Structure formats: C-alpha cells, structure tokens
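Two complexes come next, and they have one chain in common, chain A, joined by chain B in the first and chain C in the second.
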Partner chain A sequence: MSRTITRHPGLNLGPAHDDDATDVREELVFGFWVFMMSDLIIFGMLFATYVTMLGATAGGPTPHDVLDIRPAFTETMLLLASSFTFGMASLALKYRQGRRHLVGWLLVTLVLGLAFVGHELHEFVSMFHAGYVPSRSGYLSSFFSLVPLHGLHVTFASLWLIAILFQIAVYGIDSQVKNGLLRLAILWHFLDIVWIGIFSLVYLGGAA
Partner chain B sequence: MTVTEILFGRLGWDALPFWHMLQNPTFKSVINDLIASGAGLMVVLGALVVVAGVSWLGKWGYLWREWLTSPDHKRIGIMFIVIALVMLARAIVEAVFMRAQQAVGLNGGFLTAEHFGQLFTTHGTIMVFFMGMPFLTGVINYVMPLQIGARDLSFPVLNLVSLGLTAAGAALVMVSLVLEPFSTGGWTGYAPFTELSYNPGAGVDYWIWAVSLSTFSSTLSGINFAVTIYKKRAPGMTLFRMPLFTWTALCTAILMIFGMPPLTVATGLLALDRYLDFHMFTTDLGGNMMNYVNLFWAFGHPEVYILILPAFGVFSEVFATFSGKRLYGYTVLVMATICIAVLSFTVWLHHFFTMGQSANVNAAFGIATMLIGIPTGVKVYDWMLTMYRGRVRMSVPMIYAVGFILLFVLGGMSGVILATPSVDYQVHNSLFLVAHFHNMLIPGVLFGMLAAVNYWFPKAFGFRLEERWGRRAAWLWILGFMLAFFPLYVLGMMGMPRRSVSFTNPAYLPWTVIAGIGALVALAALACLLLQLWVSVRDRDHNRVFAGDPWDGRSLEWATSAPPPEYNFPVIPEIYGRDAFMLEKDGGTPFQAPTQYQDIVMPANSAMGVIIGAAGFAAAFALTWYMWWLVVLSAVVMIGAAIARGFVRTTHYVISADEVRRTHEYWLREVEATTPIRRSQEQSGANRGRAVPPVEGAVQ
Partner chain C sequence: MSYRQLSQEERQELGREQRSYLWGLGLSLLLTLLPFGLAAFTDMAHLTLWWIIGACALVQIVVHLRFFLHITLARNKREDLQLILFTVLILTLLCGGTLWILFDLYQRMMPNMMP
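Moving on to the complex of A and B:
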C-alpha cells in the first residue's frame, strides 16, 4: 500500500499502528470533530444566554455573591491536570509504551476527572445550602443551565473512559480501543477548553 | 403517593379523547371529541392493521433482518420516506379540518379554540419535523452515496440511530392523538405561553420531547452526511464534479450540524423551566422570553434552508435530465447554494421585527433577508436556461419542477415584501405570512420531494411509477395549493390574524370558503398520489426497469441496476468529469465488466437503532406523563446499549468476490438483452431501463 500515514486532525497514530483501519479511523476522528463543533454551538448558545442574564437577579444574589473563585480554581487545576495525563496516555498509545503505561495514565486521568466532578458537586451543594438555587432568579437559572452541563459532559466522558478500560481488559489494545481513545481524547481536551471559557467568563467575570 | 401515581404519573382517564364528552356532553364538546376520538381510533387501527398484516404474512423475521436492523443506506432512506408519507397524510387531514373550520368560522364554527390550537400546532410540527425532515433525510440517504460512488454512509449504525430517533418522535406525536392533549403553542412553542404557569398540561411536554428527538436525529444525520461527502467520494469525484443534488445535501448537512443545536438549547431550557422550576423564559424572577425567540429562530431560519436546499438539488437533477442537457451554470449554482447556506445564519431576526428592536437593527436584518433573493434568483435563471433549447419532456417530475419555478418565484416576491420591516409591521402575524411560507414550502419542499419520489422510485424499486395518476396528482397539488393559499394573501391584507379559530368580519367569508375548497383539492391530490402508488405496484411487471437507466440519466446512480445491489458498485468507479454516467455513455463505454472482482466488506446488521429508538420513545413518553421510573429505566437502557456497542467486535461481514461477480454478470447480461429506447418511448412499457446511446444519434 502506498498510503503511509493518515492526515486527520488530532493525534495520528501513524504506520506502526496500521491495522487495516486507517480509512475507518480517519472518518471516525473527522466525524467526531464535526460532532464536537455541533456540541460547541450548544455551549456557545448557553454562554450567550448566560451573558444576557447577568443582570436578571430579580433582587436576589448577584454573580458577585454567588461565585466563589477558590473551588473553581481547584476544579480548573484538576481538569487541566487530567488533560495533561490524558495527553501522556495518548503518547503512551502512539509510541507503544505498553499496556501498563497506557492504563496507568488513563486511571490517573479518570481519578482526576471524577475528582473534578465530585468537587463541582460539592460546590453546587454548598450553593444550594446558601439558597442559591435556580428557581431563585433568571441569573441563577442560566448559571445552572451552563455550568452543570459541562459537569455532565465530564461525567459521561468518565463513564466512557471506564468502558474503554474494560474493553482493554477484554480485548487488549486493539483497533477499536485505539479508535475509542482517539475520540475520547478529543472530547476530553474539548471539555477542558469549554471549562477555560466557563472559568474566564463566569468565575473571573463574577469575581471582577 | 399511590401505586397508580408512581406507575402512571399524571396519566389518567381524562387523557382519553372522549373523556370530556362523557363528563360534560354539550353539542360542541361531542362534535370535537368525536373528531378527536376518530383520529385516535385511526392511530390504533392503523397500528393494529400493520401488526396483524405483518403477522399474517409471517414477515416479522424479514422485517427485522432486512429493514429494521439493516444498516443499508438505501433501506434506511426508504424507511425515512415511509415515515414522512404517513405523517404527511395525517398533517394534510388536519389542514383540511382547519380550512373547514375557517370556511364556516364566521361567529363560531364547529371546533373549539383548544382543538383548533392543537390542530395548527401538530400540523406545523409534523410538516416541519416529521414530514419535511424525514423526507429530505430519506432522499439524501438513498441518493447521495450512489451519486458519489460510495458503498454506504460513513457511519451506518449511527444512521440507524437517526432513523430510530425520528421514528420515536413521530410515534410520540401519533400517541398524543390517543392520550391527549398535544400543545397549543404552535410549531414554534413560544414562551412564556408554553411555560408551566400558562400551560400546565402534558401538551407542551409532548411537543418538547417529540421535537427534541427529531433534533437529535437531524444533528446526527447532518454529521453523517457531511463526513460521507467529504471522505467517501470515489476516486476522481472532486467537489466540483459532484452532482448538484449532492452539493445541496452537503450544504444542508452543514446547516443541520450548526442549525439544530440552538433548538436543542431552546427546548432544553424550556424543559428546565417546566420540570425543575428554572426561570429562563418565565414572566417573573428575571426570565427573558426574548432569549427563547432568538434561540428558536437561530435554529428556525437555517431550518428553512435545510428544508429547501435538497429540493433545489432535486430540481437541478430533474431539469437537466428531462431537458436532455447538462445543467446550465453548474458552478454558479454551487456558489449560489453556498451563499444561501451562509446567509441563512444572518437573517433570523426577521421572524420578529415587531418584538422591540431598534429600527436600525431591523433594517440590517431586512437587507440581509433581501440579499438571499439574489442567489435564489440566480438559481431560477439557471434552471430556465437549462430548459432553454433543450428537448423538454413533461414527465411527472418535470410538472412538479415547472410548477415549482412559477409558484416559488411568486412566494419569493411576497418574501421580499415581508422582509421590509415597515411592511412587516402591517401584515405580521396575519394570514399573509401563512400564505407566504406555504408558498415557499409547498412548491419548494413538497413538490421537490414528490418530484424526487417520481424520479428515483424506479431506481429504488426496479419499476417506474404509473404516469397517469402521477400527472393527476401533480396538477391537483398545484391547483389545490393555489386555491388554498392565494386567498390567504388577500385575507392577510384584509387583516385576518393567523391561527384564528373564528372571526366576525363577513368580508372574510368568500375567501375562507375558496381556501377550504383548495384544501379539499389538495386532499384529492393526496388520494391520487396513493392511487398512483397502488396502481404502480399492481402493474409493476409492466414497468420494470432492471437495467437501471429509465430516464437517460446523467449521474452515477443510474449506472447501477434497479434496485442496486446492497454494495451499490461491484468495484468503486473512477470518475473523469461531471455527469459521470453520461460521459461513459457519450464515450460508448457504459456497462463495463471490471477486470477483477474483490471481496466487499459491508457493515453488519445492528439492533442499535431499534433499541435507542424504543428507549427514546419510552423516555419521552415517560417525561411527558411524569413516570419517573420509566425515565430512569430508559436512560439506563440507552447508556447500557451504547456501552455494550463498544464491546461488539464483529461489526462487518464480507461478500465474496465470486458472488459479486455473479450478480454483476447477471445484470450485464440483462442489460445486453434489453432493447435501448428513444426518449419518445420513455413513458411506454418499452422502457426497460436502457437508453439509446448518444453515439447512435440519440437526438431523441
């Protein structure tokens, strides 16, 4: 075959991994990018809606009252670290550093991801205790329609990661596992970027 | 909470369509409930007839293996179109009831306002989400891979999931006839009218979840189509060699990818308001209804072009084929399509000129709206110049196409009128608007899709559709449309508001009566369409076109047998120019046997579509009626199915080179034995699907 490498956007696994799946892989990864674009529109719409609702506090708590930058900063660090470890997992996959390396980095990523979700849930619970509930005002509604949706995404991404870990346990690092990891990596980094948006616009904006 | 409440949520006996009539029998309630019960009965009987019919024929296994779990894009396309036709029939009957109501609506009429509200809401919702969308998705599904020389879409199982979600949404709308009510908020579902405080019943929830299912389905279809067109074209099929229908499919797919998410957000936030006491669009505590309107139309305007672009594609193919000429101004048509797709994101505000923006903002959006008329006008000229000096055959698709050009230009004119904000202030929310958008959508989408059915049916089923009933249907659609909607322009100018259950101005009466007659003519057109299908199936042996090229076609789909084999092409063709098949015929080299056959790998059957569709329906139904246990159960099923799918490793199967060779050689022998015909014999039984080649002087 004259075709040596695939040129889809994202991590190309290259010829060493050519297990008769290059065309399929290119389409899958490209398709997933397109799906991410579509998902990004959802977040974009919610960001825009959030901005229009900043003043809609209905005499209730303002963004300044509601938002605490400290837990959000911790969450940011957890998520950024998880993106780094996922990157290490991708490199372990690309350079065939063996199953132990790959699974190890994936497990660290999973723990960080779940820690993020847990920390965020804890933040929401304390907001609820303080009376900052979505039914209080339009502003709080828009906060709770945007930020938890990101958390929900991270939850599903973690679920996907667990499923792939089980696939590795059953089938080893076969072609489909690789395809799954390539796409999950895109989702994971995408959620990182969305979180940067949330942290900048919602939390830093609220602290200002 | 009692056990019944836990099991059935808020679903009670009062959801039955005849409950109100039994509780409170007045003349009007009896009439309305009889109509509603009749409709519900039709749904139940229809379902029973289908189940009984399939059981009687012993075809459950066949249905499951060959259709419901088949990842073949052709089968999936046909199933999408079947859904669209069923929903079309229902929505037309609803239209007839609305027109009948307004024909006798002076100071009353026979329908209650509530019933009328449900009628115009379901009519609009169905026609957009469950007639138009499945129809065009089905046609693209069927035709596009054949036109680009591909064996299937990029993601066949995802395609099944799309089908399952659309079927689930359609089923939900159908079930709402048996367990009432549906929303009265119109197909746009404007908040705050659709908020819990004004609309506490199940109606709006039915609407939210039916539309959401359709939205997810269309987003996934859009991704599937776009990736297929970018990645699966045959060698040599460059972008500017693609048939125009495929170009419009690409632009529609891109619009779906970017246009559907805002609707997901709008209905999702509305659901949060209704279920979890959010205040996104409520009238109190800081809710802002304008956000809903903006989100909705950020979807809604691209949606208009999602609907119309594939129809433009169909007409482009039809004009070229039945004029015996190559398409005039191909490059310009492509450019115009792209322009329309881009501009469609810049005009959403014209749907609410009167809702409080400054005059400058209105002016900007008015001008952007008028700009869309330019590429559309270019297209109309290109189509006319395609016919110019062609040998035009007035076949059934051509009747639809010519009717489309004349009527669509008229509708476009009224669109430019509406795009002027100062005029819009006068006629907004009147029947003038209703006349305008029906003037675009019926000649555009409906005629386009019916032309597509007449044009590609022989490819899909191996026999031509009967022409006589086809012509009757086409002319009756054109006539019915004109009778039903031209009076609405007048009524709108006279000031009659849209969605009025009744009126007090006797001057409206003659016009509403004419419109009522028009609706009956459209109903007759539907009957002709069904008769056409019936007669065609009955006489199918007379009209077989196994050789596959009944219209002297130009693009690649006509280079296969009718119906094509599951894998479409025995070997992936090399493409050397536009109108690939016509080039082969011109060169005298169609129907070649390849030097070598290879094994073909095809996607294996999958139950994912059925599982996700069934669970999606259950989840939507349960959310509507507050059956929380069922919501959780369906969610678990869906997530579980997705995870389980990740563990499946036998996702493909192989068709041996030998089998491919046998099938192909059989077809080639049949083609050889088929007498080529001239275009003058196109509509006779002599047309067996092979055209006289151009080299033999086929000036027809």
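Moving on to the complex of A and C:
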C-alpha cells in the first residue's frame, strides 16, 4: 500500500490531510518521540532507584504496609480506558468524522485522565494521614519521586488536552491543532506504558 | 474540520483500525487482570508470581507499542523501532549497572539494606 509511507510513531493522518505540511509534521512528531525516549530514561532510573531503596525503610513502614493494590487497580483501569478513548479520538481526526465526534472522545479521555489524577491524589492523602510521608525513609522518598512524577505527567497532559480543546473551540481543527493532537497522543499512550511498569513493579511486586 | 463522506476503501480501513484498537484494549485488559487476579486471590510462591507479573508487563508493553503507538516491524517504521531499541539498550546499561553495583555494595557492607 502506498499510503503507509510514514515515518513517525503514533497515528499517521494519511492522504485525507495532505493539504497540510506533512513533512513538517513528520519532523515534529519524530522529534517529540525522541523527547519521550529521554523521559523514558528518567523513569527507568527512578525505577532502578526505587528497587535499590526497597530495603531502606529505616525501621518505618515496609512496601507491604504502604501499598494497596485496590486503588492501583482502579487507576490502571482508568488509564487504560483513557488510552483507548484517545485512540478513538485519533481515528475521528484521521477519518474526519466531524468535530463533535472528535471533541466527544477527547472529553471522555479528559474525564478519565482527571479521574486518574484525582484517585491518585486521594491515595496519597490517605498515605500522608497514615504517616507515610516522603521524609520518613529512603524507601518512601523513592516511592514519592517515582509515582507522583507520573501523576504530574498525567496532570500536565490533561492541561495540554484542555488547551487543545480551547484551540479547537477558537480556531477550529487547523494544522496546529492536528500537530498538537498527534504529539499529545504519543505522550498519553507513553504515560500508559510507564504506568504498566509502575503497577507491575511497585504495586504488584511490592504487595505480593 | 467538516464532516466528509468516506469512500468504500476508507470505511474498510477505518473498521480495520478500530478493530486494531479494540484488540489492543482486549489484550491489555487480559494482561492486566491476570497478574492483579493472581496477586489478589491466590497465594502462589512469590518468585513464580513475580515472573508472571514481569512477563505480563513486558507483553503488555509490546501490545501497547503495537496497537496504540503503531510501532511495527514494517520497513518504513524502522527508525522508530531503532530509536526505541537504542533507548532500551542505554536504559539496560544504566539500570543494570545501578542494581549490580548497589546490591553488590549492600551485600558486602550493608546487609540490612537488602530487601
């Protein structure tokens, strides 16, 4: 098929969007993917730090005391669902299924993302109330540098999504908005991949 | 963006891509529910459980890359794949080195730091 001459990851918009600057888009998205990979290194190192700090409980709470897989399960489901709905939004953009379709899926994604952040914040607050604060031990410091950093990423991705929704409202679905959505899609799916590492290594590995 | 009537071919492609996302969702659900279920409802030996959790996580990462980020083995996507593989190589060196050195240190000098 000749239409799949594409270089960048994520969704490629295809021939229906050839009117826009396709070459520029390729470069932008590939560059963003390189940036994502540098972010992956940061998360990878924080995972390694977390593992080396597993024993550094300083007589305080152990991973088994701190971690509860029930909130983690809810958060996992919310984020996975949001990844899927973002995929549906990308398809709505690619096949020009109309603005209502696109904005609808984006709003569902936004609600799921914000629900994830809210749920995680609630979990952290209850941990703080139990005395599990970052300054308690090396273990808790490493936990609170890894997991909330991911939450912060999701928060900023949600803010970016809100900004794009405003752009759509003001300017319509122009080339800038398309570029933004393609990059945000990569960020969003990437954050879901990092979360797989977090729920497997931190929550399931620690609570098991 | 105005609504646009899709041609027959485009409609088929849309259906194919939607099915691909659904496959990604289904496989991810399976690979999430399995380790969570095993961790919550069974008491297996820890080591077996950790191996299963790790394997499910790795497969799910590949599923996400394939179905959500569209990273495939196709020739025209090799650049992305090479970028990912190179990053993973660097990450393996960094993480592997960190774990090796620190746990060796713990074993020799700080046995109470071993988890």
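Following the convention adopted for this analysis, the second predicted complex is superposed on the first by the 201 of 208 C-alpha atoms of A that agree within 3 Å, B and C clash if a C-alpha of one lies under 4 Å from a C-alpha of the other, contacts with A are read in each partner's own complex, and residues count from 1 in each chain.
One rule holds in what follows: a residue touches a chain if its C-beta (ideal position, glycine included) is under 8 Å from a C-beta of that chain, and two chains touch if they have at least 3 such contacts.
Since this is a predicted model, take the numbers as computed values, not measurements.
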In the overlay, answer first, second, both or neither for which of chain B and chain C A:37 touches.
both
Between chain B and chain C, whom does A:98 touch in the aligned arrangement: first, second, both, or neither?
second
State whether A:126 touches chain B only (first), chain C only (second), both chains, or neither.
neither
Which holds for A:141: it touches chain B only (first), chain C only (second), both, or neither?
first
Is A:51 contacted by the first partner chain B, the second partner chain C, both or neither?
second
Which chain, chain B or chain C, is in touch with more residues of chain A?
C
Just to be sure I follow: which residues of chain A are touched by chain B in one complex and then by chain C in the other one?
30, 34, 37, 41, 45, 49, 52, 56
Given the complex, residues on chain C that touch chain A span 1-4, 6, 10, 14, 17-18, 21, 24-25, 28-29, 32, 35-36, 39-40, 46, 49-50, 53-54, 56-57, 60-61, 64-65, 68-71, 74, 76-77, 79-80, 83-84, 87, 90-91, 94-95, 98-99, 102-103, 106, 112-115
In the complex, the residues of chain A that touch chain C are 4-12, 16, 30, 33-34, 37, 40-41, 44-45, 47-49, 51-52, 54-56, 63, 69, 73, 76-77, 80, 83-84, 87-88, 91, 93-99, 102, 172-173, 186, 189-190, 192-193, 196-197, 199-201, 204-205, 207-208
Chain B - residues contacting chain A, complex:
154-155, 219, 222-224, 226-227, 230-232, 257-258, 260-262, 264-265, 268-269, 272-273, 276-280, 282, 284-288, 291, 295, 298, 639, 643, 646-647, 649
Can you check the complex and tell me which residues of chain A touch chain B?
26-27, 30-31, 34-35, 37-39, 41-42, 45-46, 49, 52-53, 56-58, 60, 134-142, 144-145, 159, 163-164, 166-167, 170-171, 174, 176, 180
